[in-house]
Every structure is written in C-alpha cells, then in structure tokens.
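The two complexes that follow have chain A in common; it is paired with chain B in the first and with chain C in the second.
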Partner chain A sequence: MRRLPVYILIDTSGSMKGEPIESVREGLEAMVSSLKQDPFALETAWISIITFDREVKCLLPLTALDSMQLPAITTPDSGPTHTGQALQMLCGQMDKEVQLSTPERKGDWMPLLFILTDGKPSDIQLYNKMCSEVRSRRFAGVIACAAGMKADTEPLKQLTDRVYKLDTLDSSTFRKFFTWVSNVVGEGNRSVGAADDLELPSPPSEVNVIV
Partner chain B sequence: MADIIKVKATDGSEVQFINEVFSSGGMKDAYWCPGKKEVVLFFRDKVDARTKDRLNNIVGLYRDRIFNQPGGQYWSKLFCWPTKMVEWNGKTGIVVPAYDGTFFFADGNFKGKEKNGKWFASPKLRNKFLRPQDKGTWLNHFHMLIKIARAVKRLHAAGLAHSDLSYNNVLVDPPTGSACVIDCDGLVVPGKYPPDVVGTPDFIAPEVLSTRTLPVDDPNRKLPCRATDRHALAVMIYMYLLYRHPLRGSKVYDVNDEQRDEVLAMGEKALFIEHPTDRSNRVKPEQLSPAELPQGDPAKLPYTICGPYLKALFDRAFIEGLHDPDKRPSANEWEEALVKTTDLMQPCSNPNCREHWFVFDNTTKPRCPFCGTEYKGVLPVLNLYYSPSHGKFLSENYRLMVYDKQTLYMWHVNRFVVPNEKISDEDKKPVGDFHFHNGQWILINRRLPDMWDKTDNKQIPVGGYVPLTEGRKILLSAKDGGRLIVVQLVKN
Partner chain C sequence: MKSRRISRASVPTTSQESRTAAILHQLGVNATPAEIRDFELWRTRRLWEQYKDEKMNLLTIAQNELNSADIRFANGRQGEPYKQSARVAVKGLRGIAVKGLDGTGLEASVSTDGTVTLHGTPVNAGDVELTLFCRIDGIDSMLSRKFRIAFNPDPRTLWKDKPVPADIEFPKPDTDCAYVLVPEFEGRRQKDIVAASKRGRSHAQEGSPRDDDFRVSFNPQNGWYVLAVADGAGSAKYSREGSAIATREAERFCAEGLARDGEAFERAIAAFAADKSRENARPVTEYIHNILYKAAVQAYHAIRSKVDLCNGTATMRDFSTTLLLTVCRRFSFGWFIASFGVGDGAIAIYDKGSDAVKLLNEPDSGEYAGQTRFLTMESIFKDRTRIRMSIVPDFTALMLMTDGISDPFFETDANLERKEKWDGLWADLSKTVDFSDDNENAADQLLDWLDFWSPGNHDDRTIAILY
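On to the complex of A and B.
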C-alpha cells in the first residue's frame, strides 16, 4: 500500500510567539484528531512537522498518522526566519524518507507540502535557491499560507502557485485552515469529476486566494 | 439559536429547516429539518436547467417507480432517496431522509462518525482500529452485500445507473447486515442525463479511467453507466469479503510517475491480482505491512474461499469482463450467487475465529480458511434436485449445508420461491429445522404438509422428524416446483 507523505513546515519565529503559535498548535491538534477518525487518512497518511525560526528543527520525522504524537512547539523571543534552511531540511528529509518506485516495488504517493509563515525569509539567497529546488521536485501539491495582515505573499509565490492568505491569527481561523488541510489529505478518495482534472477542495472563506 | 426557514417545495408542500450548515460535502451543504428526521442539502453552486430537470425526476418520476409500487416500502431502508426539491435564495436543494442511526459508530474511538465502507474493506483498518463488535461475522458481510446487490439491481431495473458506487456512497453496518445507498442525486439516466462524476478511485471502471482525458463528447469517451456500476459492485463485493482490492497487486507500470502508474493499473492495463495464468500482478506479501496480513495475501486467502458460485462471477468480472463490459455479471446474478452461497456456510467451531463462518469447500476434510480449525464429526450436505416433469429429478448445482439449529425455508423447498424483496410474509416463515440430536442429524418438519421420505417410503408428518443418513432421499413438497433432497454425509 502506497503511503501519502505530508510535510508541514511551520514558522516559529519571534513574531509567532504567544497567541498565534498557540492557535497554530490548537489547529494542528484538531487536524490530527480529525485525520485519526478518517479511514482513508488512517490507511495512507504519514506526517512530518518541521519548524523554522533562527533554528530549523525536524520536530517529527515522517510518522504513520496512527502512531504520531503532536510534539511541543516552542518559539524564541525574536530572531530571523530561516525559511530557506527549512526547505533545505525538507529536501534532505524527503530524500531519506520518501520511498521511490522501483521496477519491483511501488513507491509512495508524491508528498503534500504545507508551509505556514507570517514573515518573509531572512536567508533570502538560500531561499531562492531552495525554491527552484522544490519546484523541480514532484509534489502532489505545495500549498503556502501567509498568516496575518502583515505577511508578505511575494516570496511565497516563488515557491508555489498556490498561495493563500489568512487575515487573522486566531484559533478559529487556524482551525478552519487545518480542517481544509485534512480535507486535502483525504481528497484522493473522493468522487472524481467527469469534466475537469483532479482538484483541491475550495479553501475556507477565511482564506484568501492569491492569484 | 439559528432561525427556522420555511420554503415551498416544487411539489407544493412546505419544508422547514434550521438555518445553520451542520455539514459540508463536496458539492452541497447540509441543514437539519426540525426533529432531525430529514435533511435539506443545498448545492453550493448554481444548478443548471438540466440538473434541475434531473432532480425533479429523481424526487418525482423515478422515486415513484421504485417506492410507490407494491412492496415499495422495502426499498426505503436500502436507499436514502431524495423526496423533495426546494429553491431558496437562488440555491437549489433536495430533502433527503436522515441516515439511520445504525450507520454511525455508537461508541469507541470513532463515536458519531458515519460507517463509511472503507473501514470494513481494508485489512489494516480492520486489524488495527475496529473492535470485534464493529466488524460482525463473515455471514453478516454476505447479508450486507445481498442488500447492496439488490439495491443496485433495483436501480438498474428502473432504467437508472448510480454512476458513483463507492465506500463513500454506500453506508454499511456489518453486525446487523445492513446497507444503504446514499447520494442518489447523481443518478444517471442512460441517454438522457449524463453523469457529473466519473466515479471514486478504486471503483472506476477501466474503460472510464483510460478514456478520461478525451473530451466528454468524443465518441470513444466512456462514461459511467450500468456496465460500470457492475464493475464497481464486483469490486465492492470482492473487497467486503476478502478485504483487499482485486486489481492492486505488485506490478509497476510506471517507475517515474505514480499517478500514471495508478491510472494504468486501474485503467488500460488493469489485471486481476489472482489471474490464473498471468501472474505478473501478484501481491508480494513481503511488501505489505504486518497490519495488512493475512487478508492482504491472496495466497493465504484466495478468492476461491468465497465458494463456487462467487468464484465463477469473480472470474467473469475480473478476468473475462474486466476489459469487456458486456461480460460483467449483473447485480441480479450477484444477488443470487450471494444468497446461494449463504446456504453453503458453516459456523466455525473455534469461538475465537476472526470471521466465525466459512463456506464449505467441497472436500472431505472441511476446515475454516480463516483460523484453520477443522470440522470434526459428521457433516450433512443436502443436494437439491428439481422435477421438470413427473417422476424425473435433475440436479440444480444447488446445495444446502446443515449445521445445528439451522432452519429450512420455502426457497429451499420450492424452486419457484425466491428469497428476494418480493417474497411473501408467509414464505419467510421457517418450515423445518436441523439438529444434531442423540448422536445423529435430524430434520424436523414444522410446516410442510406433504414431506415424504422416499428411501423408507413414508410420510414425515408435521411435528415428525427424519434422520439424515447417507443417500437418503426426501421429497420436500409434491407441488409444482417442489424439491427432492439427497443427503450426503462428510465424515471427518
């Protein structure tokens, strides 16, 4: 049975401290518990969580949904946002964790990547380099989310064409966002339209689509 | 507290609902009606005139054809069928009955969740997450599948096709042997209303998947229809009995692109994992996780454990008819084969057996394929014969396995009585029962006025019994269609 790897990258820089990061955590918790009740996700989904501020940490290496525990997420008081380094770690983890097909064996589904950030990358050079690296790899979907009114969507557009904006950083917004993420994870098993291609479910109303 | 909205349905009746979305699906938002016996589903997007026309026919004409006929009540348990169409704030909606409570987990980790069929069709989910009381026995699964096959048969008989049969659209409850077809608003009327969807992964017919990229009006494009429903039904039956997908083997069709590999494996190149001669898509059990075993390994539990009638249909569905839609078995054939197979079933004597029932394997040493427990003792097998003309009896390739406290029914007695939705209440009553009594197997006659022991040439009166000994011939009924049974004893 193919696995569906889901990588979640979360900005933990100083500006996320306090209510925003607590809301993210709440949203993640709600997402995990709802995925754990979804038979399709329980069968296929594997989750990894990487956080980034001045330091980049792989808080949760790729783990089967049913045996995963949500790790504690901490934020420093201030400091840079090393988004580029986070993408670098992501690529490294993928090389180690994602199983590719061989003539004898079916590999994993291509991964889903969600990245949530409220600022712009501080390591801009590395970020630019890693954006083209990520774009050259095959993903089932790369979804970037700019959180908060001040969040800059421009750098994210370099990473993916699917950039969304959350205006508020409260728990109900994040909960809706992560509910949507869990719908995306389960999407492969829904009815397929007669006319169009495979499509993501439409995002919740709080999410603004950046075209 | 949300307010209550009152609208007029297209049939002129009043519909009330609570103005608060309680659930959202792919295309529709759901609102409760006061009392929570019904739900109004509003399409989020504007509905075109053709879809409106279709919905109107589904709540009117087609509903009439199925439900407002003699015996129509029977179907209300098997379908969650839209009853009314409404318009509100420019949106189109349908009123549907709320799902029966039996289709939700009552407690445990998944309390309140719908019993999506996926739970019961995947070895990993069964072995790791479901509790024994959620799973039911293997016999329960047969009962559930008989209902599903019957519901599909009814749709097809009414000239309709479901077009999206899948775990998501058929709710099931194995412990009670229940099933209910939902999402009937996407029904396809061949030639009149084309389908909105091509189906759900795992259930899409190969010809639909391999022509999916052609334009909808291309003559070579294959869209869902009754023949593709038949494929989906066959997949569903295989999965609910064997807990694995019939086409998901180890063969890799595209090393570099797993999406394309998937489309080929389920479409153009689809190949049965248990194909008798082409072994290239066999499951490699070492590639499965421990939680997927033993069910995931066809070598351990081959499809032949489902008995001869179903084996023949699986062959037609997944070997001859996989790429030749006209050869696929009809829903009616599946229903009959499932019913006949339940007559071949034996309870497993091992109280800890995972499935509790198995199909008699036609050997002299019957054993349960699930736990390996052998049947010990004498096992009567009744071969059924019918009489095309007076005094002459022909085999029907129909057998009834006997177990302690098993019942005999009219559909065993008379070949013109068929155990389907049309059967009368009178014919549903047991007419006899089998017992292992004082060291021998006996059949007690409860209601058959002219049961006759041909071997000893004497009547078996109502309330009397006949021992089941090797070769004994018993005429169950002298009426037209009445059957003769010949006893065969398996000793182990």
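On to the complex of A and C.
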C-alpha cells in the first residue's frame, strides 16, 4: 500500500501557551475529522506531528490516519524556539519512516510538510543549514505558515517558496487553516505524476499569501 | 471539616479529654477543662489538615500515574466488531468504571486485575469520548481519565460519483470498451481483442474526467493487430486529451505503416524466425523502429501541434501521458509481437501453461510512487531502448494495462516478473470475464471487472487484452 506521508511541525514555544496552542489543537482535530471524510485520505494519509520549543519532540511518529489519536500538546512558559533542531529531527524521522521505491518495495507518495510558527528560529545557524537540507529533499509541497503579528516570514522564505501568514491566533483562524491543510493533503493524494510540485487549492481569506 | 459541638461544662466531658487531662497531670501540667478542650480542638484540627494534605498528595500522585499509564484503546471501524483491552496498572486503584458509552453500541467490562475491555459494534462513525473513573483507598474523590477513540467509516461508503462538468474542454466519456472480433485470417484461427477503460474513483470523487485511453484494431487485409493504451497524468490539466491523441495517433501511424510496409516486414520476421541470427534481427528491429518508435514520435508531434493551437495557454506538460503500444501478427511459426513503452503500467505475454511471463516493457519509475516518465518529455526518445519484440508459439493473452491495474495487482516492478502474480490476475479476470472465443459480451464484462476494490488504488483503469 502506498502511503502519503504528511509531516506537521508545530511551534510550541512559550508565546504559544494558552489559547493559541489550544486553538492549534482544535484546528488539528478539525483537520483529522475532515480528512476522515475523504476516502482516499482515509486509506493513504499517514500523519506525523513534531513540536518544537526549547525541546524538540516527535509527538506522533508517522501513523496511519485511521489509527491515529491526537496526542496532548504542551508548552513551556518561555524559552527559545529551536526550529532548526525541529527540521533536523524531521529529516531523521523521514530517513526512518518514508519508504522509497525499490524493485521489491513500493515507495510512498512524495511527502508533504507543514510548518507552523509564531516567532523566529533561535538556532539560526542550524536552521540555515537544515533549510538547504530540506530543500534538497523531494516533497510534493512544503508549506510554511507564520502565525500572529510577531511571526517573522523572512526565515521561512529560506525554507520554501510557499509562505503564508495568519494574522490572528484564535481557534476559528486555525480551524480554517487546518481545513485548508486537509484540502492540500487531499490534493496531494490525487495529483500524482507529471507535476513534482503540487498545485495548491486556494487558501481561505484568513490565510495570507506572502510573496 | 468535621466539627463537634463541645459542651460548656467545666469538667472534662469526653473520655478523650479525661485521658488528655490525666496524661497532662502526670507530666505535672494542670490545665483547666477549657484549656484541655481547646487543646483537643487544636490538635484534631492540625492532624485533620495534615491527614487531608497527605491524602490529597496520594490522590494527585495516583491521578498522575493514571494519566501517564500506558493505557490505549485502538481506533476501530463503524459497523465492525470491536474488542480492545487495556490494563489499568496503577497500584491501589479500585472501583474502576467506564462512562460515556451510552448509545455507542459498545460496552465496557472490568476484570479483577484491573483490565478494562471495550467490546461491541460501534453504531456511528466519529469519535467516542469515554471517561474511566476509579478511586484509591480511603478517599471519596474520584480519579478520572478521558480517552478518545475514533470509529472510522468504511472508506467504500465515502466515495462519491460526481459527474464531470458538461462544459470542460476535451470532454471524454467516463467509460469506454471495445471488442474486436476476428474470425480467421489466412485459414488460421485468430485471437480477439477486448478492451475497457474506466474513470477511477479518485476522479469520480472530484468530478474530474477519465484521463486514460485506449485504441485497438485489426486489419483484415494483412492480419496485423495494433493495441495502444495510455494513462494521462492526474496532475496535468489536459492529460485526457494527451492520452487520446497518443493512442489515436500511434495506432493510426502503426496501422498505416503496416499496411504500407507489412509484406516486407513479414518477410524479415519470417527470415528471423527461421534463423535468429544477428543479421536477420537487424531488418526486423529497423521495421519496429520505423513503425512503432516513429508512431510514438508522431504521437509526440501531434500533441505538440495541439499545444501550439492552444496559443500559449498550455504546455506539453499539461498533456502528459504514458503510452504502451504493441503490434502483433500470427505466422505459420507462431506469433510475432513488438512493443514500445513509455511510463508505468505493463505489457505482457501471458501463457497459462508456461512457467514464465514475458514482459514487453520496462516501467519507468522513480524513488517515490507516481513518479514516472511521459511521452510528452523529449528525453524519453533518447534515454534507452523502449522497443521490444518476441516470437512465441502461442499464448493465453497479450495484455496492456495502465498502472490503475498493474499497481493493485503487482505493487512492485519485481512482482511483474512473477508468473504466479499473473496467474492471480488472470484467475481474477476469468471470474468476471468469459474469455471464450467470439464472446462480444466480454467488453461489458471487462468493464464490470474494472470496479474491483483495492485500498489506496483508485486511479483510472484501462486494459486491452488479445486472447
């Protein structure tokens, strides 16, 4: 069975504590239930969640959508945002989890990566290094989202050409964002072949495209 | 906190107070009854608070242990029997109970060792949130932990069959099938062609059109069969037209070439069949090149012309399509088959009685699923030999199929080489399709067969069979 690996990286630094992270969680829940209405996603999507603050944690290793249960997400009170380290963990997880085609084994679909942050990387050197590492890998799409007014979109542009911005950190915005994410995942399931790069469905008005 | 109304009498009123007065007296302390009463109150209150604190701590510890205990109930599926057990391995817990299952079709039972079993058949699709309650000794307060279990719908029930908008460019019917009945040629019994193509569920879900296509023919003047199938890339906007042009043009070019050069080609094949020397092979490969390879080039150019007509609104990539093409003819010495292939899918000569299957294409695949090469890429005409030929005494079926069929049945390129996998495919086909000679119903039967279920495989499906 061919899987569509979907990696979701979430900033859990202190500034996300409270309502923002609760909203993210609600958004993720909405995403999962919306994906479960898509028969193709239900059969093929595999999800992984990595959180990053001072510490980087793989909260959910790559798990089939139909068997996944959303883990609890915690945030420290304050501290740095180790985005670079998160990308490093992502690459490590991908090496372990994503299946490439061999004559004897069927490869996965090209993975999707979503990264959501409300600040900027504290480990800038590692971040820069990991950006080129991520860019050298093949993804069907890398979608970076800067959440809130304090989020810096500049570093994200280094990671991908697809940078989006959410102005507010409330639950309705996140819900819309993650519904859009589930549409992208649905699209990833269908657009296969000629285009290496996924054509994204247009985002809701709350999600601003950064050029 | 419990309080007791203390009597205002001046003598100790409780045995506790009398005992305390006696002990104090031994210690040389003479306290008044009021002092002793007050002391008792003070002592009880202190101890009670300490006791409550300790119990509270125990409760918190137990709650934390319960929260972090590895208790998991896997997700299930709506309408399918579900049974999951988990042991609540926290010391001192008792009175375990589960709430929140009303109306879900599930029940919980708890065994004496603290194992909770959920069983039943979930009625609805969706999440069930259940709460596990328990107590620890000596405390009235309840401990609890919530669990969320997802009961997923059967994916088969979720597929929609959305019609394609009527006004799209390059429309194409959702299904197509054909039967080419060939009675006999040059006094020899001939095989028939059956072919079918169907829009995949993933396309039906979106209301997008079928991107696959096929073309098959037999020329009663010269005895040549031509079979072509093509898979338009799902992500390319006009790939349905790409596959239509590819199969139509390639088939037409081959049929014309065989009508023109057929006799000379047949002589070359006969000479090669009699003596398979390198010199005899050369003219055969040249003809294959001039007919099949050039048919593919012709198809490429036909797509190019279409792109030019689009006046900059489309590129070659928008018409991305694979192409599997074969020509085939019966001779006195057996069957000659030649092929050209670009992209994924499979061309194979399957003979039930022999121990191997002959593959007539080498699928183009990348490191990830769905990565392949297309007729619309100029480089495919140079990168490797894409033509193959074979002479066999006879065969059960010559099959050309898009990856909508080869993926679910073979999964990997290595499996395409395995005869038993082909036996499996043929057995499955034969359950629905009656492959007796001249059975024109086979076309509709083959179309029905294309509805088979295979998790994660819902692409367009196209197959052409010469049998």
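Quick notes on this one:
The rule is simple: the second predicted complex is superposed on the first by the 200 of 211 C-alpha atoms of A that agree within 3 Å, B and C clash if a C-alpha of one lies under 4 Å from a C-alpha of the other, contacts with A are read in each partner's own complex, and residues count from 1 in each chain.
The working rule: a residue touches a chain if its C-beta (ideal position, glycine included) is under 8 Å from a C-beta of that chain, and two chains touch if they have at least 3 such contacts.
All values derive from a computational prediction rather than experimental measurement.
Looking at the shared chain after the overlay, A:Gly107 reaches both chain B and chain C. In the superposed pair of complexes, A:Lys96 makes contact with neither chain B nor chain C. When both complexes are overlaid on chain A, the residue A:Gln37 reaches chain B and chain C alike. A simple residue count on chain A separates chain B from chain C, and the partner touching more is C. When the two structures are aligned on the shared chain, A:Gln69 is found in touch with chain C, with no touch to chain B.
Residue contacts after overlaying the shared chain place A:Arg2 against chain B and chain C alike. Shared contact residues of chain A, touching chain B in one structure and chain C in the other: 1-2, 36-37, 39-40, 42-43, 66, 101-110, 138, 189-195. Residue ranges of chain C in contact with chain A, taken from their complex: 72, 74-75, 77, 125-127, 148-150, 152-153, 155-156, 158-159, 201-202, 205-206, 233-236, 239, 317, 320, 365-372, 374, 407, 411-414, 455-456, 458.
Interface of chain A with chain C (complex): residues 1-3, 32-33, 36-40, 42-44, 66-70, 100-110, 138, 189-195, 198-199. Residue ranges on chain A touching chain B, taken from their complex, read 1-2, 36-37, 39-40, 42-43, 66, 101-110, 138, 188-195, 201.
In the complex of the two chains, the chain B residues touching chain A come out as 26, 109-110, 113, 116, 118-119, 122, 124-125, 128-129, 164, 166-168, 186, 194-202, 204, 216, 223-224, 248, 250, 252, 254-259, 261, 284, 287-289, 292.
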